């Protein structure tokens, strides 16, 4: 790295990138501490961090990896916190749906393809799988399922009309989309486990103090407002 | 170890390479012989697919091959199935992505062939097509081998395009590169190493055998 | 006897080929001319290898024209045998086995060889054999023998002779070697800078001492002759032609043949004195004389309907006081025979 | 439009191509001339980097080039900086990934050169090196052009490896392919289209110019 | 005069080259032999192009050996001019401008041409010029003239003559054309199937009528002669050699030269009768006789310290009853002069 030490570099899971950018702008306005955002998939960032990436903060899309970093001394012990909780949405742009009818169509399996994020990799994929299991459709749907590498790709499948439905993050749907939806429905959070996103302070950081300030900032009302307006929920 | 993705990858690489050699040969031949002012333009266009990041190319293909796209809608009309998330779609996408790797070596081989060898074949009674297969092809073997190797290996390692167009459906479009990727993503390093090793060994022996045969055959 | 029309016009850089002539559809037509005169270009036009020059719209492979290229264009990926088979397989009318042609050109020992292991002369022989195997209807040969040594050249030449007498395949034969031209061709085209400057039957054309191309080493004449006697004791043959007879070594079984007599091999005398080893002394009439160099003179002799060309020094001309229409005796030292 | 990633990509592609041509040429020459039994083995090994999915290759490179890795630790000792997440690291990773695309066309070109041309140069007083540059290189121009085009275009479009080894740091390792990828991922299609178009036009004119020059120069 | 040792042993497929001899380090050494006898292979050994055959460990480019290849190996990416400059630039001792050599070989009109636009003969001339420009210390020529027509061959030959007399660059000259060999070489090596079967000074070796290679068209002899008189009126020169004198056309300004007399251009008689246009009649002694064919006999004649070879028919031999050591008169029709 060649930039000044007081700068912060925050590694952000792709799905939280836009929100993180808004947060950073606000934070810099207040503290005058410049921030760089680097976005990739959680696992990419994880691999980079254990291989010496010069990041100060890691905002992951799951719990496992921050946990693992903390356990292996890559993260500052006790710094781990849940900064956002995601919600699962059903999304479609298929013109044959009147709003509302689409849920029935999903549950009865009368659609061509359904895209979900890869449950092996992505927390939203796991949540989608849990939802499908909960409504007893997991088995029947298997021939209709298409897996995205992440939720972005999952939504892309639907936006480009290649699948009928996609189960995606609410944060994505809240942002402006290039295609009008014919069906937007929030999956009840009772039908899947919480999609918690956790962040940690990295022990590799050269400006722990500023980093800690950002972590604290995430709990301030201003930040919470930004996070919530982006489609996440925050719990104390 | 799940052998399915490896098998699927080999199938995809094999079919893609075959299609590319069959379709790439006339294109490469035209490029090598043409004196047209369009030649350099076409040649540059052929190289374009590699300039785009695979995922992005995959995205554009997803649009074009999708049921609403130009090619995809036509395919749906023709076969009743969608092209995306199918093996056929994967083959088309892989072919577009690997096209330059197949065309360039063949074109080079054709260009370095002296035209008098062809003329000799013609005067010996070989038609243009006959002369092409009996003289040009064997004398350009090196180019064909290179084309095959690059196209084959590139398709095996391909990832972004396949993921995008194929949708990672087990048994349908979940190729070995995606499988390895998943293992890495889920921090299942042992499985990733194992599958990588198998893929590398497989590819190594296929290519090694090819180079060996090519060397024997080569006129000096 | 039919004629083949040759009408080509082609610009190549500064060079322009402009040919409009007819050649006999049988026998060997020699194309003679110096380096860069357009011989190869002419053959390429005939074979259909130069675009847009030709009224014949057939592609090269349908013309059934065999082409022996100036640089041997063997296929390096095939063995000698496969090279020979290449044209042979592609002509359904090819009757004779390739081994016949292979042994004629002494390449039968090389059949399993890779083409890259051949010496220069060997490669050229394989090339000729390849075209013969193809049994084409017209053969174009671009200096096919220039890479061959004298012995092999002499081995191949008579075969080329026989080839057209047996099969009546017309051959167009490019060479800058006057010996080859004389031995082989019946008809002659003289190219210079892309134009045909002389053309006609071999004998008449060669005897044209006005053409600068037929001076120096190229000066000489050719006779068609019939064997009339064979002397077994000394292995000598007597050949008769319209205008005289000639003793020639060997040639036991030859009926009709062509005799080439170099201008340098003839001396003239006023009297017929037989005291040396010169076997042949023929009466002749001086037909035409022309200065060749400052010291030498070319003399065309008439013997019946035939011509001979002799080179004599101007001093001898002066001493013997030779004039056109004088009667002289031509002493002929060597005769080259088309074996 | 942010021109930074494009500029960075061009720099990376340029440096990578340069390094590959410089290092790939002797390797390709050795492969083309060697009669050793190892020749086919090395040739197959050179092709291996493309068999692995880029992200996976990137992962392995991350391990090797990281401060704890074999090469990375040595680099830290030497320069004091880490190799990963730096431009130098990106260049190394891109070179490894694109190696076969540079080596194969050059090797083919060298192999199709008749050895007698080289011998003529030697007898005319050219040392092996001199003959290489004055005869082999110009007569193999086609191969060099192909190698340059494939390596350059491939590096421009590269993505997985760069993302893994470089870490998507603006101004440092955020190349244009990643930028486009992000635009697509965030469904910012307009920006993606725009950047893709710029990239394609850029690459097109570079390659087109190259092909054009190559054609003029080509001995026929 | 120094000697160059040539000791090479090389196996190539079935073919084995086994040479162990010495050649003079000045002048032109001719290498004669039929196709496939190993001439090219020998040159490659000398140039250092065949591995492991040589005690000389220098790489080819340090040997300063110029090589005119059998197939013209011009660089297709360079113009004619740049081809000529290639070797010239790489030899810091090359003094003479390339234009000098270009005009000698009549390629000065072609300097801007692309190599691929040359005719076969033009390419070969550029090849020779390229090697000359390089001004090497030894020149190897592999049938350099076989693609040239008679006129250009005659233009190039005297230049090759002069080349070594002026610069004392030794030349090894491979050819299967006995004329070229006779005109150019001082020393002769006869190769057959990879072995040296005869070797020595040109005159002695050529006069060996026991060698089958020197029969037929190759039979003849060579004389070194000095000009003693010039007859301006008839442009004739009188040349003297140990054993006689000969009138030869032209040659005004030539001091010493080499005269080639074909076996076929000599006839023998018992008496010296001067009645024909034959200028030269020389007394000689029959040295050796050998049957060449069933009808012809080769006769070696002694004239002082020189030899001539004559071909006569067995009938003439019989009629004139010629025996070894008989005195005879040799009537010489043509003489080829090294201009």
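Letters A, B, C, D and E mark the chains as written, and numbering starts fresh at 1 in each.
One rule holds for everything that comes next: contacts are C-beta pairs under 8 Å (C-beta built on N, C-alpha and C of every residue); 3 or more make two chains touch, one makes a residue touch a chain.
All of these numbers come straight from a predicted model, not from anything done at the bench.
Student: Touching both chain A and chain B: give me those chains, sorted by label.
Tutor: D
Student: Could you tell me which chain lies farthest from chain D when each chain's centre is the average position of its Cα atoms?
Tutor: Max centre-to-centre separation from chain D belongs to C.
Student: In whole angstrom, how far does the Cα centroid of chain A sit from the Cα centroid of chain E?
Tutor: For chain A versus chain E, the centre distance works out to 90 Å.
Student: From the C-alpha centre of chain C to that of chain E, how far is it in Å?
Tutor: 25
Student: Where the CA atoms of chain B average out and where those of chain D average out, how many Å apart are those spots?
Tutor: Roughly 19 Å separates the two chain centres.
Student: Mark out which residues of chain A touch at least two other chains, giving numbers and ranges.
Tutor: Residue numbers touching two or more other chains: 44, 47, 153, 156.
Student: Would you mind listing the residues of chain E that make contact with two or more other chains?
Tutor: Residues 71 of chain E each touch two or more of the other chains.
Student: Can you list the residues of chain B that touch 2 or more other chains?
Tutor: Residue numbers touching two or more other chains: 59, 184.
Student: What pairs of chains are touching here?
Tutor: Result of the pairwise touch check is A-B, A-D, B-C, B-D, C-E, D-E.
Student: Sort out for me which residues of chain B touch chain D in the complex.
Tutor: Touch list, chain B to chain D: 39-41, 43-45, 47-48, 50-57, 59-60, 100-101, 104-105, 107-109, 111-112, 142-143, 146, 149-150, 153-154, 156-160, 177-178, 180-181, 184, 192, 196, 199-200, 203-204, 207-208, 211-212, 215, 218.
Student: If we count contacts the way the header does, which residues on chain C are in touch with chain E in the complex?
Tutor: Of all residues in chain C, those touching chain E are 12-13, 33-36, 40, 70-71, 113, 117, 119-122, 125, 143, 146-152, 154, 176-178, 216-218, 231, 233-236, 247, 249-250, 262, 264-271, 273, 275-279, 293-296, 310-318, 320, 329, 331, 333-334.
Student: Which bits of chain E are touching chain D when the two form their complex?
Tutor: It comes out as residues 47-49, 59-61, 63-67, 69, 71, 73, 75-78, 86-87, 90-91, 114-116, 130-131, 134, 136, 140.
Student: Can you name the residues of chain A that touch chain D in the complex?
Tutor: My answer: residues 1-2, 9, 14, 17-18, 36, 38-40, 44, 47-48, 51-54, 150, 152-153, 155-156, 159, 172, 175, 177-178.
Student: Can you list the residues on chain D that touch chain A in the complex?
Tutor: Touch list, chain D to chain A: 55, 59, 62-63, 66-69, 72, 82, 84-86, 163-164, 167-170, 172, 174, 182, 184-187, 189-190.
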